[in-house]
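Both complexes below contain subunit A, partnered by subunit B and then by subunit C.
Now for the complex of A and B:
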C-alpha cells in the first residue's frame, strides 16, 4: 500500500503496524559540524592540542572520542569530523583557535542529516544496504565506519550496546537514503520519532 | 572480492576505484626522451598473469590511496598498504 511516510521524514508509524516496531528512528538536529584535517606531518600535534583543550583525543583508529561538549568522529588518517551542540559561538572559530597551524578546520554545519537508529531489528535493516559486519564481534559501541549505505557515503557509529547507531549523511542525499531506509524497515514496522536536539 | 583497507578494515571492492599499475613511476618532464617516456608511462601497460601491485582509491571509505597486491588469475588479494608509505619511500631514495 502506498504510504506517504515512505517518501519523507515524518513522525508516525511506517510499514507493519502490528506489535512493537522493529526499528525506532529519530533525527537529531541543532548540531554544529566541522571537518578537521591535520596538515602534513602534524597529526600527533593536532591530537595533542585537542586533548589539552577539549579532553577528547581525536582517534587514530575508526572510533569516536567524546569530551564534555565535543566529539571527534574518525574520518580517515589525520581526518576527523567534529560534532557538538549548536551554540551562538562559532564552532569553526573555536576549533580553529585550538588546532592553529596543526590542522585545517572547515565548518560543515547544515551539510548533513544525523539519524539515530535503535530497535530489535536495527541490524537487519542496516544489513540491507550496509556491507560491513555490524555483529558485536566485529563492531562495538564507540566504533565508527566510513562506508556506504545504499551506495551513499555515510559515517556510521555505535553509541550504545543495545545496539543504538548514528548515521550521518549528506543532506542532499537524504531523500534517497530515506527511501531505502523506509523500504528496508517496512517489514519490521518502524516508529519515526519527532526530531530532537542533538546531545553527545 | 574484498580489500583489507589498512585504515578501515575489510571492505567490498565496490567501495574502491581501480587506478592501475602501482609500479610505474612518472618520468622526468625535462629529460631528453620526455615525450617517449610519457607516452610509455601513460599508455603502455603490461597485462601480467599472477601477482600484481596496483593502486586502489578508497572513495567509499577513508579516501586514502592503497597499493593492493592482487593475483590477476583468481582475484586473490594478498594484502594492501597505504600508498603514501610506498611512495614516500620512493621520495626518500
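Now for the complex of A and C:
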C-alpha cells in the first residue's frame, strides 16, 4: 500500500546493531532559507551589502561563508543560499532590505530538509550516491558542492574536519533520499538522532 | 582427495570446505577455487558443450574459462554460467552442471555430435529457413530448448546490490607482478592508488609460478608488496573486483563480489557492489591469457592449458593428471613439464612443434623426459583423455597413454580494456600477438598485457608505469632497484593448427566452433572477421572468445593467405566478464527504481485511506473512499458533487511554481507567454499559454503579479521541469541582457485548492478575521499575502479549475501538513470533502479545461480555442511559426465537447470520430476523443475531443468508434464548457 511506502524520519538505530554506528544522522530543523540571486552586473555590490550587514561575504567559489547568524552557501555564479535561524521576522524581507536592488531574494524556508551526517563511515555511505570526491585532499571543511545524491539534487557542504557534512535536499524528494541513505548505511549501522534546531 | 599434493599451495588445510556438485558431497580447502576442489576430488567432467553436448572439463584456471560453467547456489539465489575456475570455494557451496540431460555422464543430445556435419557454421540460418510460419511457433522454441547455457533463477533475487564511487590518482588494474609493482611505485610517491584484481587473492601469477624474486618465492614477494600497500592510508585494495569497462573521462566500471564467497550475504551487506572508479591515470596490468592448441579432440576433459596446470600445481596443490603429455609451440610450455615433475607427476612426453634443433636444445634440461619435435594429432578417450596420437617431424607416429594434456599456444595480452573506447590493438608479427596500440586517455599498460611476458619485464614495466602515472598526477618518486628474477624465455613459433588432425579441432570451445566451421564460413564468403564471428558465433557468449579469438583470426588469415595484421580483430566492448543486471541496478530497483515525490498532504491523505496513483514522479491521491465504497466510481462522484454543492479540498502543490523577479521580469514573461500580461495589475492573476518555438502549444498555467517586479508563474505538473528548463534556456541564450532572476519554488509552497460554494466560508474560519474575502476586496483572479489565524503568513489566489467559487491557499512546504488538517477540521460542519485526481479530472472536463491529453504536443492554440488570446501587440516564443497557414487552418481537429446521445452509453478515451453514415475506416477519420468522464452533475458520459472543424459543428451527431475493442456510439458535438458557461459560479 502506498502509505506503507512513505518512509518517515524516526530516531533510533538502523541496520547493523552491533558496535558503534558507522553513520550518525540528524535532521536540523527551524532554519530559514532563501535563494539570493544577484541582479545583472550587481554581484560585487550584493557581496558588499551582505558583508556590511551580516559580516559574511557571499562566496565566489563553491564554499560556505558564515557571519554572525547568517551563512551563505555558494549555489552558482552570483547565486547563493542564505541560511539562518528561524524567527518571527520574515527572512525574505530581512534579506530583501539588505540586498535592495543588488539582488533578488526568494524564500525557500519550506522547500528543503537539512541533514547533518557524521561517523567513521560517513564518506563510504555518501560515496554510494554522491559522485564527487570527498577525500580531504579534494574537499575540506567549508567546501560546498551542488551535486546529486542518489540522483537527487542536493547541496552538500563540510562543517568539520571529523568529517561532518550537511546535506540539503528538496523536501518532496526527501523520502527517496532517506530510503537510499538508510539502505547505504545499513551495513555500517546508523544512529538516527532526534531532530534538533539548526545552529550555524 | 586423491589428486591433492601433500604439501604446498596457497590453501588453508586447517579449514575444510564441504560442497556439493550435482548433488554429491565433496570437500576442499579454504583458498581453493571450485575448479581446483573438483580436480582435487578427481572430478574431470564438469559440463556439456553448447551445440554437440560433448563432455567438457576444466580448460583454464581463470576468468577466461569457456567450458567449466556451472550453476551456483540454488532456489532464488541460483546463478547460471558461473566459471568454476573463478569461484572461491566456501563451506556449503552448491554447484550444478548445466546444459545436460538427463545427467552429466549420459547426455541424450550428445547424439548431436554424430550429426555434426549438419550442425555446421550457419546451421540455424540454413536449416530453419522454411516455412516462415514455423519461425516463431516451431523453430524458435526448439532451438531455445536445445541450446542455451544455464538456467536463471525464476524467483526474485533476495539479495541487495549497490553502487558506489571511488576516486584516485592512479588506478591499477590487475594485482599480478606488474600491477603490484605499479601500485608500489605510484603509492610510494604519495599518490592515491586503487588496486583492483578480479581474483579473490591478490598476486596474480606470483601465486601460480615457482619463480623467485630476489631469491625469495614470488608469492612471498607479492605478500610483502601487498602488506606494504595495505599499510599506506591512501591506497585501497580491491580483491574480488573485476574492472569490466572503460568509460569517458577516466571512469572505470568495476564489480566487487563482496559476498559471493558466502552462501548468504551477512545481514545488511550487499552481495555485489558496482564501483565507478574515477582515476586521473590508470595502469592496466591485466596479464595475458594462454591460447589452446588446435588439434583433434582438443576439447576432451583432461586437455588443459599448460599455464593453468601450473596454477593448479603451485597455487592449489592439485595434480590435474598423473601422467601428462605437454604439447607446446613455445618455451613456456616446458616450464609446465618441470613443474609437473617437481610436483611428483609423470611427464610421458613433451611434444614441441618447433624445429628439432630448438627442441633438442631444450630437451637437454629434461634428460628423463621423452621430447618429440612434432605434433599431437589428436586426443583419444570417452569422457576423458586416455591417450594422444603424436607424429614426429621425422614422420613416426606414436600413441602415448596419458590422462592430462598440458597445451600451450603462447600467451595473448589481456588488452580488452584498451579497446573499450574504440581503439583496436595492433598485430605484432615478430611475437605473434596483438598488443595495445592507441590507448584511452590516461591509460598505460604494463607487463604481459603489453606483451612483456616475462616476470622480469613485468616488474620493470610495472615499476616504470606506476611511477609515470603518479608523475602525471603531480607526484614524484624514483625507480626502485630492480629485483633479480629467475631467467625465462617467451620464445615461440606459432602453430595455429596441427597439420594432420585426428577428430574435431575446436577453436572456440564455448560455442563449439571448429576449424571446419571457420573454413566453411570463409568458403561461403564470410571473410571479414566481424562476419566470421557472427556466422560461426566464434568469440560470442559469456567468455567472448578470450581463449579463441586470436586463433580464429589467425586461421582466417591463413585460409585467406593474408597477414594477420590485415585480417583485423573484432571490437572488445564492456563488460570484460558478465555483470549481473542486479549489480548494475544497485539500490534502484522495485519502488526505488526511480525517486518518488510525495505531496505535502501525503501523510494526511494516507491516514484518510486515500488511494494513490503515480503522476510523473509524484504519488497523488486519486480518491478518498469512505466506508462502504469499494470502487473508484462512487467516491469520485461523491467528491465531484461535494465540490459543486459544498466545499472540497485538493492538494495542488504538484503544479510547477516559478518565482520571477527583477526589473525585466515583465519583459521576460511577456516573451514567454503568448497572451498579454502588460495590463496585469499587482494583486491579480491571469491565465497564460506558452507556445513552443514551432508554434504548437507548450504549456498553460497562471501568472500572479505579486509585486511591481515579481510574478509567480505556475505550470502543469507534467511540464514543470520542461518549462523551468525552457525559461533558463531563453534567459541564458536568447535574452541574456534581461535583468531577471527566477527560481523554482515548487517545493517551497504547499498549495491547496479550496473549491465549492462554501469555500469562502471555510477560508474565513482559517484566515485572520481581518482578511476580507468579499468579491469587492478579493474578486475572481485576485491574489495576495494573507495571514492564518495563528499569524503565520500565507498566499491566497482566487483561481478556479473546477468552475466553482474557489481559492488556492499556499503556505511554506513544512507547514502544509498542518494547514490541510486545519482546513479539513474547520470545514466539517460545512460538509468539506477531500477530493483526488479523479474528481479533479471530472470537474475540469465538465468545465472544458484542457490538460496533458489535449496539450499533447500536436495541438495549437487555435485548436484548443485560445486563438484569440494570441497577442498581436508583441513578439513571443512561437508567434512567427504559430502563424503558419496549416496551424491556423479551421479544418484542423479542434476542441469540442461531446455527450452521448444514448444517456446510458459509455465513452472511452482515444475513440475516433467518424461521420454517422460513413464507413469505419481511416479515410473517414475526423479526429479523436481526448478526455472522457462520467459527469455526476449531467448524469451521463461526456468528453472532450479534437474534431475537424469542431467548433463549427456544435449540435451535429457523430459516431465515436473504438475499432480496437469493437465499441461505438453516437455522440452530440457541443461546447467544451458543460457547466456554467457564463462563469457566474466562479465569480459568486
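What we mean here is this: the second predicted complex is superposed on the first by the 193 of 200 C-alpha atoms of A that agree within 3 Å, B and C clash if a C-alpha of one lies under 4 Å from a C-alpha of the other, contacts with A are read in each partner's own complex, and residues count from 1 in each chain.
The working rule: contacts are C-beta pairs under 8 Å (C-beta built on N, C-alpha and C of every residue); 3 or more make two chains touch, one makes a residue touch a chain.
What you see is a predicted model, and the numbers here were worked out from it, not measured in a lab.
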Exercise for review: With the two complexes superposed on chain A, say which partner A:162 touches: subunit B (first), subunit C (second), both, or neither.
Suggested key: neither
Exercise for review: Name the contact category of A:89: first (subunit B only), second (subunit C only), both, or neither.
Suggested key: neither
Review point. Touching A:153 in the superposition: subunit B (first), subunit C (second), both, neither?
Key: first
Check your understanding: Where does A:145 make contact in the superposed view: on subunit B (first), on subunit C (second), on both, or on neither?
Key -> first
Practice item. Classify the contacts of A:76 with the two partner chains as first (subunit B alone), second (subunit C alone), both, or neither. Key: first
Practice item. In the three-chain superposition, say which chain, subunit B or subunit C, touches more residues of subunit A. Key: C
Exercise for review: For A:131, decide between first (touching subunit B), second (touching subunit C), both and neither.
Suggested key: both
Check your understanding: So which positions on subunit A get touched by both subunit B and subunit C?
Key -> 131
**Study point:** subunit A to subunit B touching residues, read off their complex
**Key:** 62, 75-77, 79, 131-132, 145-148, 153
Point to revise | subunit C to subunit A touching residues, read off their complex | key: 160, 162-167, 192, 234, 267-270, 276, 278, 587-588, 591-592, 594-600, 602-603, 606-607, 610-612, 618-619, 653, 659, 661-663, 737-739, 741, 743, 745-750, 793, 811-816
Review point. For the complex, which residues does subunit B have touching subunit A?
Key: 7-9, 11-12, 14-15, 60-64, 82
Exercise for review: Can you check the complex and tell me which residues of subunit A touch subunit C?
Suggested key: 2-3, 5-6, 8, 15-16, 35, 37-40, 90, 103-104, 106-112, 124, 127-131, 133, 135, 137-138, 150-152, 170-177, 179-180, 183-184, 186-187
